[in-house]
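Which chain is which? They are A, B, C and D, in the order written, and residues in each are numbered from 1.
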Amino acid sequence: MNPDERHYRKLKPVPPQRFRTISEIGEALNALGQGFVTTFRHLFRKPITEEYPEYKRTLPERSRARIVLTRDPDGNERCVACYLCSAACPVSCISMQSAEDDNGRRYARWFRINFGRCIYCGLCEEACPTSAIQLTPQFEHVKREILSMVYEKEDLLVDHSGKDKTYNFYRWAGIRTGDRDKGEHEREDKPVNVRSNMP
Amino acid sequence: MIAWIAGFAVLLVKIGLVLGVLLFLAAYLVWAERKLLGRLQIRYGPNRAGIFGLLQPIADAIKMMTKEDIVPEAADRTIFLLAPAVVAVTAMLMAAVVPFGPTITLWGRQVPMVVTDLNVGLLFVFAMSSLGVYGVALGGWASNSKFALLGGIRGAAQMISYELALGLSIVPVVMLAGSLSLVDIVDAQASYPFILVQPVAFVIFVVSAMAESKRIPFDLPEAENELGAGYHTEYSGMRFGMFFIGEYVHMQVLGALIAVFFLGGWRGPLLPGPLWLLIKIIVVALVMIWVRGTLPRLRYDQLMALGWKVLIPAALANIVITGAVVLL
Amino acid sequence: MNLYSALFYLLSLVILASTALAITRRNLVHAVVYLVLSFFGSALLFYLLGAPLLAALEVIIYAGAIMILFLFIVMMLNVERLEERFFPARQWVPAAVLGLLLAVVGLLAVSTQPGGDRLLKTAVAAPSAFGSYVFQRHWLSVEIVSLLLLIALAGVLFLGRDNDKGVSEEDR
Amino acid sequence: MPTLTIDNRRIEVPEGTKVIEAAEALGIMIPRFCYHRALGSVGACRVCAVKIVDGTRKGVQMSCMLDVEEGMVVSTDDPEAVAMRRHVIEWLMLHHPHDCPVCDEGGHCLLQDMTVSGGHGLRRYLGNKRTHLDQYLGPRIQHEMNRCIQCYRCVRYYREFSGYRDLGVTGIGNRVYFGREREGTLENPFSGNLIDICPTGVFTDKPARYFGRRWDLQRGPSVCIHCSLGCSVTVGARYREVARVEARYAKAVNGHFICDRGRWGFPYTNEASRPRAARVDGEATTVGEACAAARNRLLHVAETAGSEAVACLGSERAGLETLKAVAGICRANGWADPLFWLERRARENVAAAVSLLGDDLVLSLRELEAADCVLVFGADPLGEAPMAALALRQARRQGAPVFVFDPRPVELPLDFHHVPLAIEDLPECIRSLVGAAGDRETARGADPTVRSFTDQLAEPSVPPPPEAVAALRTSRRPAVVCGTDVTDAAAIGLAADFAALMKAQGRRAGLFYLMPGANGFGAALAGTEAASLEELLPRIEGGEIRALVAVEADPLGLYPDRGRIEAAMRKLDLLVVLDYLDTDSAAAADVFLPSTTVFETGGTWINQEGRIQIVRGAHRGGIPVSQTGGGGHPPRVFMEEVPGGQAAASGQTLTRLSPAEVKGASEWVRLPPDTDKQSGTRAVLPDPSALRFAPERTALSGAAGDEAMLTVIAVDRTFGTEVLSSRSPWLSAEETAPTVWMHPEEAGRVPLSDGDLLEIDAGGGSLVLPVKIVENMARRTLVIPRHRDAAWQRLGATRLRIERDCIRKAQPVGENAPVKESPPR
């Protein structure tokens, strides 16, 4: 017998033995009975339901509902229109067009979320490299008109930093923008002088 | 001729009465089920439409009536449209042979409190019940959807399997009563209900009845988390509603049959016969809801094993034992 | 013509029509449904002739059990859609000839003995009478037949046996 | 053929194969940055490390530097090799900026893929990063040096492969910098390949900058239609706008690369001025109504003036389906013969080339690279078909001498022998080479036709260049490249004879024609009975032809005699134009119908070697969202109909115009059964051997040599002359301003100095252009680019002879000296 076969035999289930003892039947009936007793007891408990329009509880900060576009601590738009959220979106409800502004910053010329399609999965927030797109706990945004569920950038943009209060992508990216040139960002050396061989 | 017309009129009244009660009760059983299930799960259940959500069935009816009746493009149209009616009609027809009270005398004429007293009433019930399988199987097939087809096949297999157990469990009762007529069976329980002498048959019948009406823990044909909604996945609007009416009427009829075979039918102290029957039906229905709230769904092989390897042998054994006892 | 004969003819019409449809449908499920309708009509006919037991058995056994199994197989077979077309002559000509022959024989039999109602005597029997008749007078043949069924049952069980038992099933 | 084992799989590969290639043949992609199939190995990036388990050299080795050996055992997933690759990635990422979200390479970045797949998802290095300043490299390429990983692919491609010198490398160690000596536009007309070849985002496509991610683009394989080579490209479109064109690997055609004309020539499809609506008498209407109007009017003309009074003109830029539709509609309605060409010479030249090109001689671009001696007759590869110049460079890099016989000041990115001779002398020159090159005895023994041809060759008036003769004698794989633009049928035929003669001598000789337009070959095949507009023009002027249907053709704008064609068009009762460009003809049309570009509906193109290439549309087309949206967000109203989406392929629209039913539309393109639709297959052509060695080509022409006459040739340049790409705003900066090239000797006669204005009186009027005096061109020749800003249409023909006194120095008139003839785009 080779080792594989031995292993195989070890895995073989024990032959069926339906009525091993009377006590097992007793146990089964007891378990069944306990189940019925438990559910029956529930009949007389006060329901734990929180009735929504009458009572609105505060949702945790990380609840996933209405999506916003936040700003960095300097008050600039965080979104660089990198298309990662639209790529991550399983229902393809995010669309945008990236562009370059006068300061050399990449931004969204237009940014659109179709909340009629959104499933609030939060993958966009997870994909966002700049903490721009964030889900908020505001879940009450139901509309009668389907087209009004399409939110444009001006509807999405808020004037705070949301959950991430500190991150500022362009301070780290190493991209030349209006206020900082190459080598002036966080943890960067001055640009190399290629005309010199001195290190 | 006048007598014939009067008889016919009485028949119509009885049919109307039975159907009215059945359908009204079906609607409110849905409400009761949702409500009770809610409470069993420490929720409220429907509580928005009217006080205690009592108008919920009406709201549901309006909703289902006004919804679009969608027929899938690839469906077999005729059969697709016919299938829900088969389910609803066979379920309702079964109620025709259930006696709901003692024979009363009206203007000097004996009027039995049953729509029709067939001498093969029990067989009629099984005939209708076996025709009900077509609704499920054809509905599932005609939808031309894999979920529906699987649901339909499962439903058909389950229903014909449990019909056997259902039928065999009743044989001792027939042996005791000596008749296939439901009226006679009720009359045979004048002194004591058969549940006292046939507890095994009672258990087998109740379990099989639940499987027959495709209720949890035997709702494999419509197991939501495997098959969408099973054989009625593709149905919408009132056709979907007909499947539901069928199911709840079926539930009531099976409750009535349990009452007739084991609980003495309409017999009971103090209250009038029909009321007793109604109470028994409702109690059986509530117990079924309770079971739904407690037990998890079986796996399909467990379902089949239970039917073929436990219930049927037990029913056969019960027949032999009862036969022996009766003979002695 | 009284109500009964009117009902009789109506039912006969339904049975004939549905049987004809059942044998001409190319769609197997439709054919099964028409056959069930035909069985149901026959059952009603039995009932009309005063044989409720036969009627119930007809529905339970033929419509309720056998045809359901047919339907089962048909539903699981992926039969390619055939166009509704007329059968080739070599199929329907012999069938038509045989059918015609049968009709002639039946007509002759009925016309020579118009009062041939003896067969119906046993059919109209009450369930208990029928049971006593079968099990007391013909118990041996009944037992032989049921033994035959038992053999078939055992055979099916043997054929359908799980060969590598204990391995593939997740729970034993 | 050594056999080696890679990851427990055995493979047999030719001697000299690198391990990385052998692994690739097995389907194992070893990570690489510096290695590239077209560029070879340098071992700069160290990321292709594998473990050699058995062989002469064991241990971790660079798979791109290691030749395979018999019995070698390689493991690509050995922990040691994996660790090495992981470390390499981490080093390379040390200074890589944190800018993937704003980097256009993101999504198709090799470095990104390798970093993620190498398991270096999180940075451990927390120190300061080295930074570089970027350079302005022109309007097409964005430079971002911070992202560089020093793989040297760019300079190897730029300097070695394509032969330009203005991009280089400087610095040492960590400070290596890839750039130009000073900021400025890259000179290389193949510079766009830097974008494809850079494994990270140092060089990115500037016109497509920040347009979108590659994964969002509707991408589809396509074929470049900016010259006759038909290079394979990949088109990426989004929001109804073509965003970028990338090179697509095609083994037999362009290899890995394309030229900048093909890469950035596409803006014509996105132009705001592109006509999207049908017009009847200048009024916009629906396509259906315009079709009905055109059909009724055509019917009316045919009824009143006879069906022969209607003519239909296609062009060599249209797909084969369209050309077949033109031929089909003419035949079905009994109209005049279909026209595919404006000039008779073009028709005859291409017809001659197509009829003489046989399966025995035809060369693909790839095969041209393998030639060991190349003779170019009457062609300017860089101007007419840029990728051919790159192929010649590869041939030269393998050691093949390249001889160019052309009157133009030909420039090529390689060192070559230019023999500047007048275009009329070209046949004589080829004849002399036929006579001198190769050994006559072998040729004689070969074939009686060949023998009689060589016997009848007259003694050449000019002896052939001795270097060329010497090179030809030793060559085993000579290639003949012949242009069909400025040459004539005699030279084209002689080029084929020359190649066939060398073939008869037992060499693997090949013939490579350059043709006008993307589908010149197709036009020659589609309309064997076709005429040219030049031949038909007298009938228009005589009032015989009363209606003209121009399909993707622009007779008004491109006919070389502007005055004559304008007058002729005025005589027409009806001009129907189907096009996707706002050409002069489209503006003048009575009925205009919009059509679709290759990016939208695709089509079939046959390149100059007869390779049938089927293109499917990459996107549906319509007015780009950026134009309908007006910069803000696009409109929210969702409609079934795409704005501007009414246009259909010209061939389809054409069948709707036809009063008679056009039959057999599905059989217009019949392909050989084993057609490989991606890379194309060569069309099956009739055997041309009967047409070769025609006795009339042995005779001396003697046309040249008349000192009183000058030859004016209108030529193509790399940028600015081809109809479609000259509309590209990003290429216009690269266009050389329209000038007339002259030999110093000719300039001295007038006299003229560089930059002076020259007035030329030609058949179609006079035109004034600044002069550029160059040494390396033929005497008695004026070379004028068919630039859209030069009024070359006044010449009267694309090749003509004028009296010497037709040219004179002109005085500058105000600022705008070159007269613009065609209206601005």
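Note that contacts are C-beta pairs under 8 Å (C-beta built on N, C-alpha and C of every residue); 3 or more make two chains touch, one makes a residue touch a chain.
Everything quoted here is computed from the prediction, not taken from an experiment.
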| item | value |
| --- | --- |
| Chain nearest the overall Cα centroid | A |
| Reference chain C; chain at largest CA-centroid distance | D |
| Geometric centre distance via CA averages, chain D-chain C, whole Å | 79 |
| Centre-to-centre distance between chain D and chain A (centres being mean Cα positions), rounded to whole Å | 48 |
| Whole-Å separation of chain centres (CA-atom averages), chain B against chain C | 27 |
| Where chain A and chain C are represented by their mean Cα positions, the distance between them in whole Å | 62 |
| Partner chain A, residues of chain D touching it in the complex | 97-102, 106-107, 126-134, 146, 170-173, 175, 177, 179, 209-213, 215-216, 239, 625-626, 629, 631-634, 636 |
| Contact set on chain A toward chain B in their complex | 32, 35-36, 38-40, 42-43, 45-49, 51 |
| Chain C contact footprint on chain B (complex, rising order) | 76, 79, 118-120, 123-124, 126-127, 129-131, 133-134, 137-138, 141-142, 149, 152-153, 156-157, 160, 163, 178-180, 299, 301 |
| Touch list for chain C against partner chain B, complex | 27, 29-30, 33, 36, 40, 43, 52-53, 55-57, 59-60, 63-65, 68, 71-72, 75-76, 126-128, 169, 171 |
| Partner chain D, residues of chain A touching it in the complex | 80-84, 86-87, 97-100, 106, 109-112, 129-130, 147, 150, 152-153, 169, 172-176, 182-183, 187-192, 194, 197, 199 |
